[in-house]
């Protein structure tokens, strides 16, 4: 069963509470979660994914710089041999209250498989993960 | 000096506080005010204006029915021989938060000389009165 | 009929009733027995009394908006929105001002014009014109208890119609829906007319149907000292109880000083209970309603949210059973349904944050409760005295003599001598008590507090303070200070 | 350099300073003497310390927003709007997250991209990159005192730049800007780096220039028990005082229970004053800052107004010198200037309604103050003990041993064992104290309160309560109850 996740908060972002909650929720839902925590670089995510042979990378960004921090992650994954790995992003991805459809489009264009608006419940992601990983 | 006013609150409207304040303010400013108080009909205004030989009628309406209550007042004044008497209206003239320019137009079209938006200070009206009455 | 605080006989009641039901064609739709059957089928969660009782037991504060528009369907849409989107706990139907003056012909005009204009030209729901049919349609469309809220000196026909339509609560009273709302209607008449309304509730009660009655607490909503509104509330509570009303909600309008507001609600409950007992009404279910600030509001919507939330917090800390909600449009006009829901949401958020929290007893709170009770007792003792023991008669005489005197009221039957003003902490005190029969101690105490403020502001204790206080909240502060303070 | 709670010698300071000013080209713009001359010309009403002092004397609570964008002109526009339209009493410049991590190259990218995009891609104002020139431009454009608010473990260069630019206050501290904000920066390093920042303020103070310092009170903003944040605040206050800081504002983040929140502020002031005296700092001007709810917010803007206003009311009732304002956009993203001004207006309306009002002393309040002080003393005694009397050393050891433990903090130097949860009244209590050195009485008391809640909710006292409490305010309630409660 494909159930290995890498979880973390990208960039210079220190918001730790949601990360702890997500870890708790994904683990309870039956996933094997490698939690690299806050203040994680793209490289940290990729290294953890390679080491754990992960099926998906779940990127949180709360502090607003998500748009800058996530750029090029898909390409770096490809280069690192993680072709086709699921990439999700969620949290408060951009600076300010922006039209969600625009934001989503920007993240999908960057190569993310899914992006989630503020306040998305962990359960939504769990359901999507199960679908995308073919449970 | 033209300084005789009739003051009152029109229709089925019982809002008394603003009326007491206006009476106080107009009197202090040197006007001779006949205050007919709340719940006053168009006829009450006209009769008081005739009796006191008034120069202006100041209509308050707070409760939202001002639009209905004020209709035809100008015509009735004309019929009663009060041709050209100054007619002012103020308070919360219509139901709800409406675009003020629309509301003002409706009242000017009804024959009022001036109409004032919610929260207008008595001082504004005093200044206008002095101008319109040629002090 | 002679005014007396005495339960009406059936003979008296049914004689008057014939006339009442003939005041407007919709009156003829009413059949008491059929109405009782209909009311008996009202589910528990839509009964006002039961919902209040449950809230009181659980120690929570319910939120109720004001709302009403001219047409039945639009009114249903409005109430449903406040229920579903706003999260209201109790629903109102605010009645329009023509109905309040029994001008049903003008209501007809308002209804027609509203149909034409596609927006409400009436400032409320014309319940009498829509009749039992329209009112039941509203009741059946919503899922919460429904109450008529108005300001009608003679609400007899309206009362018959709304209760027959499943609305299990009615706001108003012979004093509170006269003095602040009318200019030249005598108190004898409104007290009699409200005895009728109370008696309707009492008769239903006797048939096993719970109907809630709520005297209108805030009166003119403008710097009303707690002892005045508490006195009126207790009088109207006693008058209602005499007609057989069992479920009573007494009300109070926020003054703005936390200790005074909490003290007012506590004093009201304790003292009302004492009076109910003393006069032999032993099975009254007493609850309270706290009105968010009823005076002039700030026009800025964010500031209005501040006022709304602070009112909600005070209601919760006071332990009121329900709170009446204002909206961010208050200063300007009747709110849109969206603005109305916003007021409810800010209110409920605050109530929920404060659930279970109470202002703890302190020296200051104790003293304020004692003061309000003492003042109220001065007034009520005298009311009974001038009425030779009859509360209804005493009330009429008390107003004649200025023993009861409501600030800024339009009625010519009100003395209108009393002048309130805030002390340095924002509590409402009395600058000129007129004929209100306080003891010298009490009068001196008020005076000294106002003089303290005068010293702080460097000005005399005088009418200008009152004027400044009237505008203060609208300008963003509680106490109307001179420019430089 | 060896860590010790000892005022840095000039030699130590100026040696480190050379290195600091070389961290980024704008560091070279700074000339201490020229800066002091500039600061001496700051008018009284733009000096942070003086404005706070005046507010304290008058017993009023000032309102301060958070705000910062990438570009100087846009930042000026933003601050001016908050000053003129919002009515802010004090202004901030919130620094962006790359600056906080000293990643000035990434700031350059953010600035460039913001210029291109016509909107800020940074979540704050990159003060170091804009340098003294940019920061002075901001300072000169506004008419209120200006403070840097950030979350920077190593803020030495930033501190030099902002003070040299006339900004007379700096937020932060060696613990409070490390443990909640960083993952792997050692406490030794951040305490040393913040001694440097404090010393900068101290040197200006010695030159007769009043600079305010404010440790960051709320820490992770999430269910932090008052004794934890008060302990950190007092430690950082003492560390600052040792470096010559005279004007200190200690902070606290609202927990939501009125009595606990007021008690926390009162305990903080009283206890901090005792410690300052006991350690020989006799001329500290102590003020307080109350943070409106710092945890997860409701997304609905009306509900957010409820949270904002209740925070303001608590700040006023507690008598805090200033309150940090949230906005109706809090749950979603950095606010527009309009949303930010809305938050200030709701706050100021509430503060003004409550001006002069305080929560009176009661049995309950007294007990809560005593509890918080006792808990804080347990912690601080042990910190001094493990440091062999040296507070700086003791702090590092205390974190190593879990004597100090901050809930939900990201730092690997934090034990992270402590688990807080709310009691039945919404006060934050401790479910798992880990190694925090409470007496058995205190531990039992917390346990019993949580068990009372467990009984009420019909469930065990366990981690699920914590999770539910984290989401509660965002969902509109204070205590995270199971569905059916």
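Note that the chains are named A, B, C and D in the order they appear, and that numbering of residues resets to 1 at the start of each chain.
Following the convention adopted for this analysis, a contact is a pair of C-beta atoms (placed from the backbone, for glycine too) under 8 Å apart; a residue touches a chain by one contact, two chains touch by 3 or more.
Keep in mind it's a predicted model, so treat the numbers as computed, not measured.
Enquirer: Could you tell me the least number of steps, going only between chains that touch, from chain B to chain D?
Expert: Minimum step count, chain B to chain D: 2.
Enquirer: Suppose each chain is reduced to the average of its Cα coordinates; what separation in Å results between chain A and chain B?
Expert: Roughly 65 Å separates the two chain centres.
Enquirer: Between chain B and chain C, what distance separates the C-alpha centroids? Give it in angstrom.
Expert: Once rounded, the distance between the two centres reads 30 Å.
Enquirer: Averaging over Cα atoms per chain, report the distance between chain A and chain C in Å.
Expert: 55
Enquirer: At least two partner chains per residue is the criterion; list those residues in chain C.
Expert: none
Enquirer: Between which chains is there touch?
Expert: Touch list across chains, by label: A-D, B-C, C-D.
Enquirer: Can you list the residues on chain A that touch chain D in the complex?
Expert: 11-14, 16-17, 20-21, 24, 37-39, 63-65, 67-68, 92, 94-98, 118-119
Enquirer: Quick check: in the complex, which residue numbers of chain C touch chain D?
Expert: 256-259, 298, 300-310, 312-313, 317, 341-343, 345-350, 352-357, 359-365, 424-426, 473, 476-479
Enquirer: Which residues, counting only chain C, touch chain B once they are in their complex?
Expert: Per the touch definition, chain C meets chain B at residues 97-98, 100-101, 103, 106, 109-110, 113, 119-123, 151, 180-184, 220, 222, 295-296, 299, 329, 331-336, 339, 408-410, 467, 470, 474.
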